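Chains here go by letter, A, B, C, D, E and F, matching the order in which they are written, and residues are numbered from 1 within each.
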Amino acid sequence: MELILAVSIGVLAGSGVWLLMRPRTFQVIIGLSLLSYAVNLFIFSMGRFPVGAPPVLEPGTAGDPASMADPVPQALVLTAIVIGFATTALFLVVLLASRGLTGGDHVDGKGGGA
Amino acid sequence: MMRRLLPYPLTSAFLLLLWLMLEQSLAPGQWIIGGVLALVGGWALGLLEPERTRIRRLRTVLELTCIVFADIARSNLAVMRVILDMRRSDRTPGFVRIPLALRHPGALAALACILTATPGTAWVQFVPEDGVLLLHILDLEDETTWIEIVQDRYERRLLEIFA
Amino acid sequence: MILDQAALTAALLLPYVGVIVVALLPKNARNLEAWVAGGTALATLAMVMVCFPAISIGGITRLTVPWMTERGLDLVLRMDGFAAVFAGMISGIGFLVILYARYYMSPDDPIPRFFCLLLAFMGSMMGLVLSGNLIQIVFFWELTSLFSFLLIGYWQQSAPARDGARMALTVTATGGLCLFGGMLLLGHIVGSYDLDLVLGAGPVVRAHPLYLPALVLILIGALTKSAQFPFHFWLPQAMAAPTPVSAYLHSATLVKAGVFLMARLWPVLAGTDAWFWIVSTSGLITLLVGAYIAIFQHDMKALLAYSTISHLGLITLLLGLNSELAMVAAIFHIMNHATFKSSLFMAAGIIDHETGTRDIRRLSGLNRSMPFTARLALVAAAAMAGVPLLNGFISKEMFFTEALTATGTYSWLHDILPVAATIAGAFAVTYSLRFIHGAFFGPDTDDLPRTPHEPPQWMRVPVEILVFGCMVVGILPAATIGPFLEVAVQSVLVGKAPYYSLALWHGFTLPLLMSMVALAGGVILYLLLQKHLNAGVEGTPLLEPLDGRRFFDQAMVFISWRLARTAERLLGTSRLQMQLRLVICMALLAAAGALYRYGLHPGGVALTAIDPAAAVMWTVGGACAISAAYQAKYHRLAALILLGGTGLVTCLTFVWFSAPDLALTQLLVEVVTTVLLLLGLRWLPKRMESAGETTLVARVRRYRDLAIAVLAGAGLTAISYATMTRASPEGISRYFLERAYTGGGGTNVVNVILVDFRGFDTLGEITVLAIVALTVFALLRRFRPAPESIEIPEQQRHPVRERRDEWLMVAAVTMRMLFPVIGLVAIYLLLRGHDQPGGGFVAGLTFSVAIIVQYMAGGARWLEDRVRVHPLRWMGGGLMLAAGTGLGAIVFGRPFLTSYFAYADLGWLGKLPLASALLFDLGVFALVFGSTVLILIALAHQSVRSRRTAPRATAAVAPVAPAAPVEGG
Amino acid sequence: MSAALLWWCLLVAQLLLGFAMGCASWRMIRGPRAQDRVVGFDALYVSGMLLLLTFGIRSGTPIYFEAALIIALLGFVGTVALAKFLMRGEVIE
Amino acid sequence: MSFLLQNLAILPILVPLVAGAVMIPIDDQSRHLKAAIGLASALGLAVIGVLLVLRADMAVEGAAAITVYRLGDWPAMFGIVLVVDRLSAVMVLLTAVLGLASLTFSLARWQRMGAHFDALFQFQLMGLNGAFLTGDLFNLFVFFEVLLAASYGLALHGSGVARVKAGLHYIAINLAASLLFLIGVSLIYGVAGTLSMADLAARIPTMSDAYRPLLEAGAAILAVAFFIKAAAWPVGFWLVPTYAAASPPAAAILSMMSKVGVYALLRLSLLLFDDEAGLSADFGDTWLLIGGVVTVGFGAISVLATQDLPRLAGACVLISSGTLLAAIGAGEIPVLGGALYYLVSSVLATGALFLLIELLERGRDVGADVLAVTMEAFGDGEDEEEEDPEDMEIVIPGTLAILGTCFLGCALVLSGLPPLSGFLGKFALLSGALNPTGTDAGSTPPFSGWALLIVLILSGFATVLAMMRAGIRNLWATADREVPRVGVVEIVPILFLLALTVALTVQAGPAMRFMDDASKSLHHPRDYVRDVLIPEGR
Amino acid sequence: MRGVADLPLWAALPVCVLLLAGAALTATGALGLLRFRSFYERVHAPTLGTSYGVGCIAMASIIFFSVLQTRLAIHELLIGVFIVMTTPVTLMLVARAALHRDRQEGHD
C-alpha cells in the first residue's frame, strides 16, 4: 500500500510538473492543481498508515496514538487545501486578466490569439 | 399569517425531517433547532419565488411511488441485459416525441426524476410552448407504447397530484 | 587642550554649518551667500590657526568621538603638522576661491547650490586631512569624490559637464572602493583602524603576507584621486566645471588628496621595492606624459589641467623614491603647486570671463587690455616653470637633487631619473611659455566674443594674494614657509626628519645646471614648436592613439552595456517556463544533494498489504492525472474534467486513510474549483489542434521536460516511500489526541487542532482567503476581456433558430428546491464540526455552493433581484468574529485565542455545548462563505458586464452582433 | 463466518465499484466528445460515492457518511456547470 | 498598560488584522475613513515596534532577552508561540516604519487606483509581522501565504499590462515555491514529529540516523523555497519585473518582502543547524555563501544592464538579498551583526527609492495610459474611480532639488558610499568578515571574508555606475522638463525614510551594538530553545 | 466501536446480497458507458447505478449500521433521496446540451 500511495504521489507530481513547464496559462493552472493534490497527499503520507482509524474520539476519552491516525498532518493538509483553493482562484483571475490585456494565453504574454 | 410564517409547509416539513435524520436524534432540542431551521429554510425558498405546490392526493402519490419502483426494477434488469448482451441486434435506440398536458414545473420535475431514474429512458428536451417532450429510448420497439406509458402511467397521476 | 579640541571640532564642523546656512538662504541673496561662505572659510582657517601653536611644538591634537566602537571605528579628529598645513591650505585657498567665485559666477546660475557644494567639499577635505582613523579617511575620501562630482556637473545642462562629472566619479569612486578594501586589509594587518596605531606598525605591515594586496588597493585609490598614470584621463574632462571649482579642486585640494594619503601612510607602506616600483613608475610616466601633452593643449584650462597632472606626477615620483629628503621635497612642492596653480586657474578664469574664450589660438595681446592680470599670470606661470626667485624653483631644485641622489635597490630607473627630470622641466617651461605668450602677447585681436578689459578689482585680489605668496616663498623660503614645512615634515616622518636646507642659493651645483638646461631647453622647444602650435592642430603628436578617455569610454560601454547585457541574457531569463524549470531543478538538486551524503534507503517498517480496490482506484486517479496533463493544451474542458477525476480519487484516498474532514473539504473545494475554472474558461482563446509538425528543437525540449517531470515525480515517490516505511517519530501528536477532549472540548481532534491548538493557523488561512477574494475583486474591476471573447459565446451565437426554449426550467425547479436543503446541510456541518467531521470551512463552502447553484439556475440578474448576498460584509464580519473570539480571551487575562468551553445543561432539552471555538468556527464559516461567493460572483459578473458593453465594443469588429435573449429560467 | 463472508463480499463489491470507476474514467479520457466526458465524470462521482459507502461498512464506522452525503447532494453541481458550459458557453449568465 | 505590555507580542499581528477586517466592508467612497484607520494602525505598529525593540534589548549582558507568547495558552511545543527576540523585534519595527511611509505616500493618489488597497495593505503588514514573530514552522508557512497573497494583491494594484504580466510570473513562481515549502515542512514533521522551531532544534542533535537524511532533504527543499522568496540566483528572476511593475507604495513595502526569505533562512539555519546539531551542524552554510555571492553578482550585472529606474531599484534589492545570504553563509557573529545593520539600511533605502522613482518619472507613466483606455471601454460608471489629484497634493517649492537630494541619498545608501548608513553597513559587514574573531593582529581572513570583500566592492562599483547614470539621465539631462507635481504627503515619507538612515548613521554605535547582540544570541540558539520550551501554559 | 466481525449472520446475508447487487448494477452501468456506441445510448448507462445501485448499497449500509448499533440508522436514505433528486438535473442538462451541440453542427 505504501508503494501505491507513493507512486500515486509521484504520478500526480510528475504530471503537474510537466504541465508547469508548458507555455499556456491554462496548462500551468491545471499543473498547479495537480501538484497541489500531490503535495497534499504527500503531507498526508507523512502521517504514515492509519487505515480505518480516524482521529475522532469518543466523548470524554483521550485518544490512543497507537490506534489512531496522526491528526497533525490532516490539519496541515486542511490548511493547505484552503490556501491552494484560494491561490488557484487568484491565479485564474490573473491569467484571465493577462489574457485580456495581452490578447493571448501564453505565459509570457506574447502572441495574439495564437 | 400562517402563510407568511410557513410559506412552503411541505418543504419545511421535509427540512425538519432532514434535520432529524441527519442528527439521528429525536431529542426535544433537535426538534427545536430543526423547527427553526425548517422555518428559515421555508423563507429562504420564498425568496426564490417558486410556484406554489399543493399536493392533493396522498393515495395517488403512494400508488405512483409503487409503480415507479416496480418500473425501475424492471428497467434495471432490462438495461442490464442489453448491456451484458451486446450481440443482440434487434435493439433500436431512438428518440420519441411525447405531447404532454402537464405544465406545472414541479410536476415536470417529478416526471423528469421518474424518467431519469428509470434506466432506458432519458429526458432530452421539453418545449413548454407546445408541451412536447423529447425522450431518448434505449430500446425503442414501438413509439406509441412509450407515449402511452408516459402519458397514462405517469402524467395522468401527476396531473392528479399537482392539480 | 580643551580649546584645541574645540577649535579642531569647529574646523571640521564649520563648513557644514555653512552649508546649512547657505541652503536656507533665499535664492537671490547672492552677496549674503558669498559672505556667509567666505566667512565660514575664514573662520575655519582661524580655527586651524588656533590649533597650530600646540602642534608646532610637535604635538598632536586628538579628539575621539565614539561612533561604531565595536568595530574599531570612532570619529577621531587628529591634527598634526602635516594635517594642519593641509587644513590651512584647504581653508585658506577655499576662502580665496569663494571670493573669486562671487564675481566669477553668473547671476543666472543657482548660486546657493554652488556655495553649498563648495563648502561641503571643503568640509570633506577637512575631514579627510583631520582623520585619525583609516575608515574615517575612506569616509571623507568618498565624500570628496561625491562633492567634486556634483561640482563638476554643476552646469548640468551642458553635456561635457555631465560627461566630465561622470568620468571623474567613476574613476575616483572606484578608486575609493579599492582604497576601502585596502584600508580594511591594512586594519586587519595592524589589528586596528586607528591611524596612530597604524603609523606605528610599519615593520609589521611591511612584513605581512597581505601587505602587497593592501598596498595595491590603497595605491589604486591614491593614484586615481591624484590623476596619476594610467588613471590621469579624468582630470582634463573635469575642466567642464566652473573655473573656481577647477582652481580649488583640481589644483589645491581634491587631487592633492591622493598624494596626501601616500605621504600620510608613507611611514607604514613605503620603503619596499613594491612601493618604489609602483609609485615612482607611475609618477615618472605621469610627470613626462602630462607635461608633454600640456604643451599641445589649446584650451588654457586643459593646459593647466595637464600641467597639474604632471606636477602631481612629480610629487608622486618624489614620494616613490623611498627617501626622507624626497618626502620633504614632495611636501614642499605640494604647497607651492597649490599656490601657483590656483592663481593660474583664476587667471585663466578671468580671461575666460572677460573675453568669452579660453582658446590660446584665438587669444592674443591681452597684455595690453588687461595688463595687471597679465603681470600676475606671468609671475605665476614663471613659478610653474621653475624660474628662480619663485617658489616653484626651490622645490624643483630639491627634486633635481633627489633625482640625482636617489638611493635604494639600484635599478635602471635610477639611471634615467636625472634625464627624465630635466626633460620634464623643459616641458614645463615650454607650456608655461605657451600659456603666457599665447594669451598675453602677440598682436591685438578683435576676434573675441567680448571686448577684453580688466576684471572687477575684488576678483583679482585672490590672484594677487596667491602670486604674492609665490614670490615671498621664492625669495625668503626659510623665513616664510620654513616653519610650516618643518612641522609638516616632522609629523609625517614621525621624528625621523632629515637635515635639509631651504635656501635660494646652494652654489653652482648639478641641480642648478639641470635647471638652466631645462629653462633653455624649454624655450628652444617652444620656439621649435611654434609652427606646429600655430597651425592649431588638435591632439598630441605621437600620443594620439593613447587616448585614455577613449579607452575609458569604450571600456565603460563594454562593461555596462555589452558585457552586462550579454551576461544578463545568458545568466537570466524573463520566460516563465524557464524560471519554473529552474525552480524545479533546483529543488531536485537540493534534495538530491542533501540525500547524497547519506544515501536514501527504504525504512524497516513492515509494509501494509495492498488493497486491490485502492489499487484500482489509484490506477484511475493516475490515468486521469496523466491524461489531464496530455489534454490540457488542446482540450481544456477535458483536462478540467479529468482534473476533477483526480480530485475525487484524492478525496477517496483521504477517506481510505482515516481523514473524513479532509475528504469533505477536498470534495467541496473540488466542486467549487470546477465551477470557478469553468467560469474562467469562457475568456480563454479558442485553441485548435494544429497538425503542423514539431521541430526537432521543440521535440528535444519536450523530452527534456518529460525527463524533469519524471525525475520530480520519482523523487517525491522516493521520499514519501522512505518516510512511510520508517516508524513515526514520537512527536507532538500524542498530546493532541490525549488533550483534544479534556483540554479542547471536542472529539474531532482535527477540528480541535484547527480551531484551538493551532487556531492561529486557521486565522491566518482565512485571512489568505479574504485577501485573495479582495484581490480578485479588485482585479476584475479592471478586467478587460480580449476583443474576440467579448462577444456572445459561440454556443449562443450559432444560427440555430430555436423556439423559445426554457431548457433550464425543469432543472431549475429541483435546483431551487435544493437551496434550503443545501443550506440546512451546511448548518449541520457547521454545528457538529467540533465533535464530528465538518466545521466552519466545509460549511462555508457548502453554503456558498447553495448560492452558486441558484446563480446557475436563474442567472445573475434574476437572482440578484431576489437575493442579495453582501459578500464583503460576510467577510468583514467573519474575520472580526474570529479575531474577536481570540480577543475575548485577552479581555479575560489569558493569551490570544485561549479557548473556553462548557456544556450547559438545559434540562429536558438536552445539553448545549458552549465553546468559544464554535464562535471562532462561525467566523470561519462567514468568511469562507463571503470570500467564495465574492470570487465566483465577481467572475460571473464579467459576462454580464461585458455583454452590456459588447455592442459598443464589437461594433467596430462586426457590424451585426446578435444579442440573444439571455434570461434563463 | 459472517465476518469472512462480509469481508469477501465487500472486496468483490469494492472491486466491482472500482471497475465501474475505471469504465467511467475511460469515458472521461477517451471522449470522444465533451458530453461523453461529462457523463463519465458524473458516473465516476456516483461510483466513488458508493465506494465510500462500502468503505464505511468495511471500517464499521459511520464517520464517512458525510462525505458520501456531500457527493450525493453536491456532486451534481460540477456536472451541471459543465453541461451549462457546453450548452451556453458560460456557467452563470 | 500592563495589559497591553502583556500582549505586546501579538499586537503587531492583531492590530493590522483588525484594521483590515474593519475596512473590508467599508465602501470605497469613504477613503478618508479608510486612510485614517490605516494610518492609525501603522502608527500604532510603529509604537509597538519601538516598544518591542526596547523590551528585546532590555536583557542583561549575556542572557537572551526572549519574550514568548503562547497562543491559546498551550505549551510551546504543542501550540503556536510567538517569539520576540532582537531580530524579530527589529524586523517588526522596520516593517512598521516602511508601512507607515508607503501608506502615507499612497494617500496622494495610489490609494484610489484600485479597490481594497487599504485592507490589502494592512494584511500585508500582518503577514510580514506574523512571519517575523512566529516560532512555528507551519505557522511560518501560513504567514508566508498571508504576506504573499497580500503582495499579489498589492503588486497587481492598479492593474495594467506590465503589472499583470509580471504578476502572473510572480504568482506562478511563488505558488511553486509555496508547494516546495509545504513539502519541506511536512517532510521535517514526518521525521521529527514536531513543528515548533525550538522543539525541532532540541530534537535535531539527538535525532536517529534513520531520519537524518530525510530531515536534511526537507531542510534543503525548504531552503530552495526560501531562496526563491529571497530572489537568489537562479530562482529569483521574478523579482525585478514584479517590483518594477508594481505601484510605488506596493513596491516599497515589497522591498521588505524579499527580506522575509532571508529572515527565514537566517532564523532556521542558525537555530536548527548550529554547532551542536550533531551531524547536521552548519548544514547548508556553504550553499548560502555561494548562493549569496552569485546572487550579488547577478544583481550587479542587472544593475548595470538596465536603463530603467524601477528595474534598477529591483536589481538593488537583488544585491542586498545576495549580500545578506552570503553574510549568513559566512557563519560568523560579527558578519551577521554587520549584515543586520546593512539589512535595515538597505531596506529603508530601497523603500525610499521605490517611492521616489514614481515622482521622478511622473508624467510619463505608460501603465497609466493603458489604464485610461481600460476604463473607457469598460467603465462601469459607479465602480470606476479617478478623481482629480486633490487636496493632498500641495506643490512644494524646490521640488527638483529635494527630489535630487533624495535620489542622491538613496543612491549613496545603496551603493555603500559615505556618508549614510550604507557605507557603515558595508564596513561593519566587511570588518566582521575580515576579522571574525575581533580586531587582533596576525590572523588571516577566512575564505568567506575574501568572497564578501570582493563581491561587495564589485557590486558597489556596479551600483555607483548605474546610480550615477540613472541620476544623470533623470535629474540632470532633462533640464527642460517640467517640474513634476509632487505633494507634501509624497515627499515626507521619503524624507522620513532617509532621515532614518541618517539616524542610523549618527547612532551607529548603539545600533551596531544592538545588531551584534542580536547576532550573538542568534548564534547561541540553545538559549532560545531553553526559553521557548519552558513548560508553561495549561 | 464495534466492527464487521460483530455482525450476526442473519444480518450479514442480506447485507452481502445487497452490496453485491448494488455494486453489480453500478458496474454493469459503467460497462454500458464503455460499450454503447452513441452518446444518447451512453446517457442511459449510469442510471443503473443511480437508481437501484445506490438503493441497494444504501440499504446494505442501513441494515449493517442498524444492527451494529442496535438502533435504526436510516440516514443513508438521504443519500438515495439526494441522488434521485440531482441525477435528473445533470443527465437532462447533459443530454440537452448534446442535442444542442449536434444541432449546431447540423445533424438535426
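In this section, a residue touches a chain if its C-beta (ideal position, glycine included) is under 8 Å from a C-beta of that chain, and two chains touch if they have at least 3 such contacts.
Remember, predicted model here, so these are calculated numbers, not experimental data.
A.B. asks: Taking contact as defined at the start, I'd like the list of chains shared as neighbours by chain E and chain F.
C.D. replies: Where chain E and chain F share a partner, that partner set is C.
A.B. asks: In the chain contact graph, what is the shortest path length, in steps, from chain D to chain E?
C.D. replies: 2
A.B. asks: Applying the document's contact definition, name the chain pair with more C-beta pairs in contact, A-E or A-D.
C.D. replies: Between A-D and A-E, contacts are more numerous in A-E.
A.B. asks: Of all the other chains, whose mean CA position lies farthest from chain E?
C.D. replies: Most remote chain from chain E, centroid-wise, comes out as B.
A.B. asks: Could you state the distance in Å from the CA-based centre of chain C to that of chain E?
C.D. replies: Distance between chain centres, rounded to whole Å: 16 Å.
A.B. asks: Using CA atom averages as chain centres, what separation in Å is found between chain A and chain C?
C.D. replies: 40
A.B. asks: Mind checking the centre-to-centre distance between chain B and chain D? Centres are C-alpha means, answer in whole Å.
C.D. replies: Roughly 22 Å, centre to centre.
A.B. asks: Round to the nearest whole Å and give the separation of the Cα centres of chain A and chain F.
C.D. replies: 29
A.B. asks: Going by the touch rule set out above, which residues of chain C reach two or more other chains?
C.D. replies: 574, 576, 580, 584, 640, 656, 660, 681, 716, 719, 723, 728, 731-733, 736, 739, 758, 761, 765, 768, 771-772, 775, 779, 782-784, 795, 807, 810-811, 814-815, 817-818, 821, 825, 836-837
A.B. asks: Give me the residue numbers in chain E that touch at least two other chains, ranges are fine.
C.D. replies: In chain E, 138, 142, 145, 149, 152, 156, 159, 168-169, 172, 176, 183, 187, 189-190, 195 touch at least two other chains.
A.B. asks: Out of chain B, which residues touch more than one other chain, so two or more?
C.D. replies: Answer for chain B, listing residues that touch two or more other chains: 18, 22, 109, 112-113, 123, 125.
A.B. asks: Which chains touch, pair by pair?
C.D. replies: Contact pairs between chains: A-C, A-D, A-E, B-C, B-F, C-D, C-E, C-F, D-F.
A.B. asks: Chain C touches which residues of chain B in the complex?
C.D. replies: 11, 14-15, 18-19, 22-23, 27-30, 32, 37-38, 40-42, 44-45, 47-50, 105-106, 108-109, 112-113, 123, 125-129
A.B. asks: Using the touch definition up top, name the residues of chain D that touch chain A in the complex.
C.D. replies: 58-61, 63
A.B. asks: Once bound in the complex, which stretches of chain A touch chain D?
C.D. replies: On the chain A side, the touching residues are 51-52, 54, 56.
A.B. asks: Along chain C, where are the residues that touch chain A in the complex?
C.D. replies: 574-577, 580-581, 584, 607-611, 614-615, 618, 621-622, 625-626, 628-629, 632-633, 636, 639-640, 643, 646-647, 650, 653-654, 656-662, 665-666, 669, 672-673, 676-677, 680-681, 683-687, 705-706, 708-710, 712-721, 723-725, 728, 731-734, 736-742, 747-750, 753-754, 758, 761-762, 765-766, 768-769, 771-773, 775-776, 779-780, 782-789, 835-837, 841, 928, 931, 935, 939
A.B. asks: Residue numbers of chain C touching chain D in their complex, please.
C.D. replies: Result: residues 612-613, 616-617, 619-620, 623-624, 627, 637-638, 640-642, 644-645, 648-649, 651-652, 655-656, 660, 663-664, 667-668, 670-671, 674-675, 678-679, 681-682, 792-796, 807, 811, 815, 818, 821-822, 825, 829, 836-838, 846, 849, 852-853, 855-856, 859-860, 936-937, 940, 943-944, 966, 968 of chain C touch chain D.
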